[in-house]
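Shared chain: subunit A. Partners: subunit B in the first complex, subunit C in the second.
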Partner chain A sequence: MTPTTPPLLAVEGLSVTFDTPDGTVAAVQNIDLAVAPGECVGIVGESGSGKSQLVLAILGLLAANGRATGRVRFRGTELFGARRVQLARLRGRALSIVFQDPMTALNPYLTIGTQMTEGLGHHLGLTGAAARARAVEMLARVQIPDAAARLKSYPHELSGGMRQRVMIATALLCRPALVFADEPTTALDVTVQAQILALLADLRRTDQMGLVLITHDLGVIAGLADRVVVMYAGRIVEAAPAEALFAAPRHPYTRALLESLPRLDGPADRPLPAIPGQPPDLRHLPRGCAFRPRCPLAVDRCAAERPRLRPAGGPTRSTACHLDLDLDLDGDGGGDGAIGSEAAP
Partner chain B sequence: MIGYAVRRLIVAIPTLLIIIALAFFMMRIAPGGPFDQERSLPAQIEQNLRAAYHLDEPVWQQFGRYLGGLLRGDFGPSFKYRDFSVTELIAAGFPVSLQIGAAAILFAVLVGGGLGALAAVHQNRTPDHAAMAVATVGLALPNFVVAPLLTLCLGVYLDLLPVGGWGSPAQAVLPIATLALPQIATIARLARAGLVEVLRADYIRTARAKGLPGWRVLARHALYPAVVPVVSYLGPAIAAVITGSVVVETIFGIPGVGRYFVQGALNRDYTLVMGVVVLYAGLIIALNLVVDLVYGWLDPRVRYD
Partner chain C sequence: MTAAPPPAAPLLTVEDLGVTFRVGRGLFRRPARLDAVAGVSFTIAAGETLGVVGESGCGKSTLGRAVLRLIRPSRGRVLWRGEDLAGLDAEAMRQRRRALQIVFQDPQGALDPRMTLGATIAEPLLTFAPELDAPARAAEVRAIMARVGLAPELINRYPHEISGGQAQRVGIARAIVTKPDLVVCDEPVSALDVSIQAQIINLLRDLQQSLGLALLFISHDLGVVRHVSHRVLVLYLGHPMELAPRDALFATPRHPYTRALISAVPLPDPARERRRARVLLTGDPPSPLAPQSGCVFRTRCPQATERCAAETPGVEEVAAGHWVACHYV
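Showing the complex of A and B:
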């Protein structure tokens, strides 16, 4: 967001912990995040990096053993102090979410129509034919053929891609001010994916809808996001405007993520680099930087001291790395070192 | 769905035939006969009696005669209650058994479902542990232990309820409670397990994300799927209540078909026992079919065709 726009959503110092039989696990730690009206913030990171739990915590939808602390303000209203009723009034109306797994996120016992229109009735008092008409219109916008007939269908009668589009349509029905989309296009073929992304872009323009896009598809991020937040082991390791981040990542992990993308302009026989090692076990995080065991540039200080998120490379960027990197993806200057292909064992 | 029901009923015919044949021949294998408890009769009179009831014919011929009667809806005369036909005895006893059985099932579904829901909503807290403790006791105690215990405590020591007989609503309380207890236990456990699983489901989170109030999420999204395993258990529950009522009716002196079944077996009242067996078998087959149809109607993923 630009400094002059008041944020739609402002998250400060958000942490999420889970009580497990093995003790308390910190899934998300000390996250700051802001989304302006019409802005799209992409959150990227490997599975288990805490991106989904971050979003669930903001919406108050954590599992029973999860606890969230910190401040979350939506249009200036504190959500964490908010009484349940107040959050319920925002949820589904002003704030909505597209869940990751379309196979399990729809109730198998209720028709698509019931599941789509119940929010309309609850929030907007729209019931019966008016609600159904709104649902059909939205289903058509997410490219569902024969939308009117689909309202009578049960989820098991639809393909995975159709269910995902139903989820997206349901989330958009009440014209929310802010949508969290957790891997919204993974089950879709590329044509439909492009149409859905175009629809989201459209709503951002016409409704000033804010969008938080969680994905590990960096291609989707590049096409849609204004800003990108990179998460690793529950923390933000880098935050930057999308263009700047793709042009010059400042954290070795971001760099490695970008390196592992296939590139059309690269040599065809170049082996696709992978990030060596595994994401760390959140119950036993290493001392110092969580990425250090997999980082080819690690120095002694990385093991001793955890790097804080600090401004780096301009006022709009920050990174959590001790090294002052200016990594250039093309590797032809300025970089303190190339990682990725050389790092593979 | 109608086609499915008709096919199920057609398949039920050989099942019913096998049950009838097994019961018929097992009764005949049991030592003794229907007239053994009479004062010793002159040989000629006993001979005449046996001839009157066709007991002098070969067993297979008697079986054929019995089946022929069944086809005409005739269960034959009772050997013991000589003034009554089996049809009349069942007509007198069945409404009584039906009342007790239906009340027990209803009671079990309401109390068991309520206990299970309470336990699931307060999972791993005191209400959950208390409800599951009650359920375990209910499962562990057989009805011939529960019935005397209830009679002693509520009937004899506290003098709150009559200990037997039939006619007033108060007299129905103990037998219904005895019959319902194990079903309450099983249904409570099923309902708890079903609801606990459903409450963890992704689609419940989706419903909460829509901003629906908690009671609405529970009522519309959670209870319905959680009810399905309970409904599918109702078939076995009905069978268990029917067999349980045989014991319970005898203990509490209730004039239902269950008591006729026990008396008929003791008296070698062949036709009475057979009549009750046919009734029970038909009832269980029919009610299981009803339960399956209801199950298919509840779960949109199950379609019979």
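Showing the complex of A and C:
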């Protein structure tokens, strides 16, 4: 994470469009992103923010009607324009992904063992007993009890928490340098989520594994991420080190999102400062700033001109807002009042 | 909304409620019994919100449906204003449903795609207020739409034309149009975006206060439950673990499961989140089809002893209004 560490992943100017019956929709626009070895970058956003499509585009897994432009380099190798064979060799080995829904991502007709060892043979040439031993070792690491016996199980024989741990173990089998986890714990109960998050944190430390964590849950981000990227309507609206972002968010959307959470450690007897309006419709984005219709601080300029992502509050932070929220944050929550005004749906 | 429940005679009394499903009925297999809800008792006063929390499979949705008699309980009683609902015939029960309504989790799925939003909201009035003519019904629908924050021009729209947040406002409007006394809210904000959740939570709190509604608020999200409830019931595998006033439950949880549940919720605060000591539970909840002896939580409980396997703990009152099912509190 020091400037001298070359990034594992460097994304520059990544955009994604989809051809739909309603015309071309821009789902992701002009994203820059870097991940260092051992670093966890959290990507936060609501539905339509483009966070999942961003990851699928990086891995070359977009739907047939999707187009990605920009540059994506993994350890210096350009991924866009790489031959399919070359990409396939990277995916599953050095680059891995954990999907949200383990029920649909696992093949119901194959045993856990078959699914886990398939990639080992393909990528590492490990087969038979050696492959099974590696699978058992990884299942034990994700705390699957009686791992050897579990290789013979089918996905439906496992609980949701176990299936998700199998997904994670499978993603980690080839000791990838970088893992993308798209809502890896959203389908899980909180007590199981806590186990999975502890495991991911442990793997980062021991294996220097890079992690891109995509979630809508700011609590999950707070526990794991070194840096946080907040997306809204396909663009980055704020990027900052995690502690700084949570302590002093610079973008009105980030602030409003944090304020609106029904958190366990906040006051419970007042109405939540809700964000008015609806999440953006990518087919009908307003002129200027996409958050303007919901922003309590919007001024005339916000309708006329889309704010660019610019450095704000030090070299490690940037925000896409015409206003400088710095001053508001010096008070004892005086600035919060402005954002926290009552919801007007 | 204060932490103390309004002192009033209970609107709803649930006594030792149990719901058993028969599953896996095969040609050569005997059907297994699954106790989805077992031994749950509570009361709800007029204008009070009882939150029900628990993880998937804990029986919280089944409980909500059993209270409304959408599922027939296999054991126990549900008393509405002192009257046993089980003793009512179909017509008498139908009349009680004016006062007992429900809001579902999936707001789009709960709406008929071929009905306009206005017709959807008006439908319960055809049953429960047949004396209203069409103009009076329309006026009532407009008033309710304004009350839940739906723009009047949406009255002739269809469900696919609105967002999830708006659809949930329609679901709420439909539930309160009959002027009910109790609304069961089954995960009403779980399918919504974070920014929309707060809007709907505020709306429910506001309606409750202004209309004096009682809510049975079911959710897996402890933060949400804390923001709407006067009292909270914690369920695990269908069994009650703890029932307490909200502040007591979150400040001084007594049951080991409640403590683990609260400590597992990630806080949106990196400094605190990374320093936190967690009660990490190991493993997953056991299958409800293979019930264990004794306490249902003992297989994951960090404090379990031999006594927990031998003896099922009763639900005991450990402080005023604070009930716990554990041998060691």
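Here is the rule we use: the second predicted complex is superposed on the first by the 322 of 345 C-alpha atoms of A that agree within 3 Å, B and C clash if a C-alpha of one lies under 4 Å from a C-alpha of the other, contacts with A are read in each partner's own complex, and residues count from 1 in each chain.
As a working rule, a contact is a pair of C-beta atoms (placed from the backbone, for glycine too) under 8 Å apart; a residue touches a chain by one contact, two chains touch by 3 or more.
Fair warning: this is a prediction, and the values are worked out from it, not measured in the lab.
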> Put the two structures on top of each other at subunit A: do subunit B and subunit C fit, or clash?
Replying inline: fit
>> If we overlay the two complexes on their shared chain A, which of subunit B and subunit C does A:Tyr109 touch? Say first, second, both or neither.
In response: first
> Does subunit B (first) or subunit C (second) touch A:Val299, or do both, or does neither?
Replying inline: neither
>> After the superposition on A, what does A:His216 contact: first (subunit B), second (subunit C), both or neither?
In response: second
> Looking at subunit A, does subunit C or subunit B touch more of its residues?
Replying inline: C
>> I'd like to know which partner A:Gln278 touches here: subunit B for first, subunit C for second, both or neither.
In response: second
> Once the shared chain is lined up, is A:Asp269 touching subunit B (first), subunit C (second), both, or neither of them?
Replying inline: second
> Once the shared chain is lined up, is A:Ala149 touching subunit B (first), subunit C (second), both, or neither of them?
Replying inline: neither
>> For A:Ala133 in the superposed arrangement: first (subunit B), second (subunit C), both or neither?
In response: neither
> Closest Cα approach between subunit B and subunit C after superposing, in Å?
Replying inline: 7
> Which residues of subunit A are in contact with subunit B in one complex and with subunit C in the other?
Replying inline: none
> Any idea which subunit A residues touch subunit B in the complex?
Replying inline: 56, 59, 61, 63, 84-85, 87-93, 96-97, 99, 101, 104-111, 115, 118-119, 122-123, 154, 156, 167, 170
>> Per the contact definition, I'd like the list of subunit C residues that touch subunit A in the complex.
In response: 1-3, 55-56, 149, 163, 165-166, 169, 193-199, 201-203, 205-206, 220-224, 226-227, 246-247, 250, 260-274, 278, 280-285, 300
> Residues of subunit B touching subunit A in their complex?
Replying inline: 200-203, 205-214, 216, 220-221, 224-225, 228, 298-301
>> Looking at the complex, which residues from subunit A come into contact with subunit C?
In response: 46-47, 143, 145, 159-162, 189-195, 197-198, 216-223, 225, 242-243, 246-247, 256-258, 260-265, 268-269, 271-276, 278-279, 294, 342-343, 345
